[in-house]
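Naming follows writing order (A, B, C, D, E and F), and every chain is counted from residue 1.
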Amino acid sequence: MKDETREKLMDVSVATLATALYKRGLRSQVVQGANPLGWKGKNMVGPAYTLRYMPAREDRNQLVEFRNPEHPQRVAIEQCPAGHVLVMDSRKSAAAASAGDILITRLMKRGGAGIVTDGGFRDAAVIAELDIPAYHTRPSSPTNLTLNEAIGINEPIGCGDAPVFPGDVIVGDADCVIVIPQDIADEVADEAVEMTAYEDFVVERVKDGESIIGLYPCTKDEHRAAFEDWRKERGR
Amino acid sequence: MKDETREKLMDVSVATLATALYKRGLRSQVVQGANPLGWKGKNMVGPAYTLRYMPAREDRNQLVEFRNPEHPQRVAIEQCPAGHVLVMDSRKSAAAASAGDILITRLMKRGGAGIVTDGGFRDAAVIAELDIPAYHTRPSSPTNLTLNEAIGINEPIGCGDAPVFPGDVIVGDADCVIVIPQDIADEVADEAVEMTAYEDFVVERVKDGESIIGLYPCTKDEHRAAFEDWRKERGR
Amino acid sequence: MKDETREKLMDVSVATLATALYKRGLRSQVVQGANPLGWKGKNMVGPAYTLRYMPAREDRNQLVEFRNPEHPQRVAIEQCPAGHVLVMDSRKSAAAASAGDILITRLMKRGGAGIVTDGGFRDAAVIAELDIPAYHTRPSSPTNLTLNEAIGINEPIGCGDAPVFPGDVIVGDADCVIVIPQDIADEVADEAVEMTAYEDFVVERVKDGESIIGLYPCTKDEHRAAFEDWRKERGR
Amino acid sequence: MKDETREKLMDVSVATLATALYKRGLRSQVVQGANPLGWKGKNMVGPAYTLRYMPAREDRNQLVEFRNPEHPQRVAIEQCPAGHVLVMDSRKSAAAASAGDILITRLMKRGGAGIVTDGGFRDAAVIAELDIPAYHTRPSSPTNLTLNEAIGINEPIGCGDAPVFPGDVIVGDADCVIVIPQDIADEVADEAVEMTAYEDFVVERVKDGESIIGLYPCTKDEHRAAFEDWRKERGR
Amino acid sequence: MKDETREKLMDVSVATLATALYKRGLRSQVVQGANPLGWKGKNMVGPAYTLRYMPAREDRNQLVEFRNPEHPQRVAIEQCPAGHVLVMDSRKSAAAASAGDILITRLMKRGGAGIVTDGGFRDAAVIAELDIPAYHTRPSSPTNLTLNEAIGINEPIGCGDAPVFPGDVIVGDADCVIVIPQDIADEVADEAVEMTAYEDFVVERVKDGESIIGLYPCTKDEHRAAFEDWRKERGR
Amino acid sequence: MKDETREKLMDVSVATLATALYKRGLRSQVVQGANPLGWKGKNMVGPAYTLRYMPAREDRNQLVEFRNPEHPQRVAIEQCPAGHVLVMDSRKSAAAASAGDILITRLMKRGGAGIVTDGGFRDAAVIAELDIPAYHTRPSSPTNLTLNEAIGINEPIGCGDAPVFPGDVIVGDADCVIVIPQDIADEVADEAVEMTAYEDFVVERVKDGESIIGLYPCTKDEHRAAFEDWRKERGR
């Protein structure tokens, strides 16, 4: 992902990106059910670094396991590269926590770009105040050992029924999270910027009373021309 | 619906209306799972104008379909009469969006009284700021074409397991949305106003330390008399 | 529950308590799906007083039933001892309300320490403003008679898949609700206070850039020593 | 329940009974999701004897608990009166077993008329061969202690979202199970016998090519007359 | 649909058809959750004739409604053309019946090619013995009025999340039901016959010990040649 | 796993094994929801060989992918060692097939001991006739590419919420499937044989009219003595 791609993705919506991916035949890239935990006013953008959970077997998942410095959950937090988003496959269950405030604080300090689970976080009210984007399905206080064992780091995973490959570009906005295949991230970002410009133009027109027919999507030449003028005026 | 009915319904709760309908044998009129997207401080009230979605077949639901000026989703937005609530049967799935901010802005400009889906809206954070009531189950960024095809306008539909006939009176408050059969809307509104007066009286009494037994519901003459006095004092 | 136990439980998190119970082999004590309805800034703590609902049979659940001064829902509200938390087994369904603002106002006036359901409350926006903690899964306007009949007072119940015995200590924080078996409440509170002190220490360290490996959980002597110093400094 | 009521209920379908109850305003009496485990060719009929499960707390639900002669699951099996149906509220979860072949064999030997759960049975293939009707949602091998604790005997319960009061008349056929309130069991049985006669007549007519319009339900005098003749011929 | 298309579709599997549709970009044509009710040994094939249910409103759905000769459920049974499959959108709920044995017997007599619902049938054990294919999700005894009102005949609908347009070709086998868009039914049938021949050849080879790599799908010339010989031998 | 362990596990039930594992603190080893597809009269026993699916991304999952001889689904079938059970993590969804008859026939020919998925199989009716045990949740005709991409071979996985490590011993009976951690398989098999002997004795006694109290579990010396005699008589 180019630096300017990251910047572009900071200013577009997940909805616009979903449409751009849809044009390319990709229909299932939104992480279903994950919403922001304390929306912090700007998008989350970064390559995916993944953690996979499997069902916990009781003999392998006593609290003492966390004392192991090689425990994958802890290792993932310590190894997720700066600027990356940690994406967790929690098997779509929030019956136990995917992580809590201490680990997410550590990820924040290490420069993590954000964290996503298709389960839930404990200490959610604290995480909502941290300066790192976080997305989950609902607060969940039980320790993850109750339900899940962290078993694989940086493997291809599913998260909220979306496929996630390490390095895919993850974007979260005030609503949802989306996964952009890494090899098309630059072009998708470019296209989304273009689409966003047109959508901003459309919103202005609609607020001025224009009908959406012929305007959104654009099928009338007059709107196309007006949009070009609008862009020039605004330098977009 | 008489004009004064609309006014009355602006000041009663969906819970009170649900009880008034329950008295008439109607148990399933609340739209299950739909909650307000940015509560805007006053009720949504208006006759239902409906849109029905069916599962999307891929060959019929490419982005180009939106270029068709007859596309039912767009037509519904442009034809929903002012003062009406657009109610969408999204088959109880928020896996893709029922609508987004541009269409809902257009509906707002056209005088729509509100919008309801048993799925989710994209651009939810933007919609939460618009000056039109909106109710859904959760934010959902994928375009509706991914999942659903708009197929029927102003037909009887289901929404969140509630039956909705065109013209039924839709009321939304800070919690939920309810469907009042149109032919009883006036009498139900009258009754709800009466019930609300009594409930307001009860809340005052309970805050003063009164027991609910005999007071709510009213089975003691002393409360009935006190309520009459209370109404006179307040001109209700 | 000793008075100081109540005080201790006001200052610890449900997540910490869940871990303390997990150490004792108790994995299922969090009420799944119940979140605070208007977080009021301090924990809910109190012994459980329970109400059990069964499916409503229509002939037994007409509105007139509420006129019966012995109706269990009303009786539970009037008999829940001051300082107790009313916990409702609503069979994990929010399709109808477990209670509404009038009953919860009454409970508040009677000194109830809080109310929990694995269903939903009607008048949720009003309840969110009351000075009593309340936890549910989502707002739900239909009267409870539609779905549920209150049938048992102060029996052992399930709530959100957690076992609840009368007298168990219920704690709710900004995220979730947990059930502490009454005979271990004092020791669990003590342990949670200790754990909270260490967690607070850890958060400070992590914010200063420390790795979590060896720190959380503590496996290095240097952290143990530093923690002891930290406690002395702060008098904890 | 009169002896002849039991006999009548042996020869009518749950579908017919559901319609007879529907006429009386009772819509929720079928145990949702429970189907026969090895249909044994004749209906299950008997008054309900109930067992209620709550979520299992680990410290109370070790295998040793079964050694307690007062364990409610075992007591229920030993005390369920002959001719009664044991109905279990397993909280609609088949993640662990409600009972297994040994207990159900014992119930059979004691003269139990059948067993119903809204969860699942272990040893299901064996139970399917026993000479006692059994209804569940799916086979489930884990011991019930994993999930559920038997807590209440012969209380009002829910089973598959149907309300069950001790003594209600339980009927199961090749499809489903229904709960008939005990005070109307005799009249409902009478009516169902009448309905069954007419339905048998209808099936013959339909097989002979008759349209259902006017025949089912009967709105034409000619069908009414033909039915009377048909009854006389067959002595029904 | 040509007559020979119907014949071809009698001899191919739904799995093969699903793959043929998948090649054309159609991924959602299988009716999710519907399985045969008493597999009758040969495929169900016919154009779709549809019935749409909406949630039942109590005042419109008393038993007396069935006396109306225009009731859409009865009309659909009487008007479904011979050779067609009646497909019902029951909103994916089997909590009440979509139809029962009398109506399905009538449909059989009228020459219906089969019946499909994404809910459940009452009198399921009887229907399993009728000489007409039927597909549902599970037996369900309550009358449909409890839950659903038949509202639309021969409209585009959803059934088990599959899109169904009147006239689409419906095929059911021992496992599942699939919806083939009518304009491609002939070509899909042709292709499926071809695929079936190859699959039959593959099964023989695999039973003889051949590896699937290079054989299924065919990527080796030797298999292609052997298949051609095989076809000639068998005249397929 | 010793050879005699395999033999022992052929003659015990999954229910008995679940109880033996429960004694060791393992509560979640049964594959939830998977039932036999055509019970073939004897247990499935073998070490686990695993396949993990992730959500399918459309560009990576066109039919052409199967032409790749390295496709993990095909490779798993070709590499699963003889005597092993292929266990598939299909993310608990049967919306598309985990495998079909051709692949399972190949696995059978290669000596596979069985196949398990927490999704569904296509060609289920054919598979039910094959001479290899197969367990799934329901028939599902769509090709797996619609939903899932095979991504990992012989990794630790979840299957029906049970943890599965390669080499764990998988046992299936007429009801369910269970996962025995490999290092305790021998001792668990021994214990299950003992338990089965006692259960067989109990069944005989119960059929003779004995109460279960004191007999199951055994808390009376008389039963213990009688059991010893019973074993001697039968040589067990």
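Quick note on the criterion: contacts are C-beta pairs under 8 Å (C-beta built on N, C-alpha and C of every residue); 3 or more make two chains touch, one makes a residue touch a chain.
No experiment lies behind these values; they were computed from the predicted model shown.
K.L.:
Could you name all chains that are in contact with chain D and with chain F at the same time?
P.N.:
E
K.L.:
Indicate the lowest number of steps between chain B and chain D, counting one step per move to a touching chain.
P.N.:
2
K.L.:
With chain centres set to the mean of the C-alpha atoms, which chain is at the far end from chain F?
P.N.:
Relative to chain F, the chain whose C-alpha centre sits farthest away is B.
K.L.:
Counting residue numbers used by both copies over all numbers at the interface, does the chain B-chain E contact come out same (over half shared) or different (under half)?
P.N.:
same
K.L.:
Since chain A and chain B are copies of the same chain sequence, what is the angle of the rotation superposing the Cα atoms of one on the other, rounded to the nearest 5°?
P.N.:
The rotation relating chain A to chain B comes to 120 degrees.
K.L.:
Between chain E and chain F, what distance separates the C-alpha centroids? Give it in angstrom.
P.N.:
31
K.L.:
Compute the distance, rounded to whole Å, between the mean C-alpha positions of chain A and chain F.
P.N.:
37
K.L.:
I'd like to verify one number: the distance from the centre of chain A to the centre of chain D, where each centre is the average of its C-alpha atoms, in whole angstrom.
P.N.:
49
K.L.:
Which residue numbers or ranges of chain B touch two or more of the other chains?
P.N.:
Counting only residues that touch two or more other chains, chain B contributes 27.
K.L.:
What are the touching chain pairs in this one?
P.N.:
Touch list across chains, by label: A-B, A-C, A-F, B-C, B-E, C-D, D-E, D-F, E-F.
K.L.:
Give the list of chain B residues in touch with chain E in this complex.
P.N.:
Against chain E, the touching part of chain B is residues 24-29, 54-60, 91, 149, 151-152, 155-158, 161-163, 181.
K.L.:
What part of chain F is in contact with chain E in the complex they form?
P.N.:
63, 66-67, 69, 74, 77-78, 95, 97, 100-103, 105-106, 109, 122-125, 138-143, 145-146
K.L.:
Report the residues of chain A in contact with chain B in the complex, numbered from low to high.
P.N.:
On the chain A side, the touching residues are 13-15, 17-19, 22-23, 27, 30, 32-33, 35, 39, 173-176, 178, 199, 202-203, 206-207, 209, 211-214, 216-217, 219.
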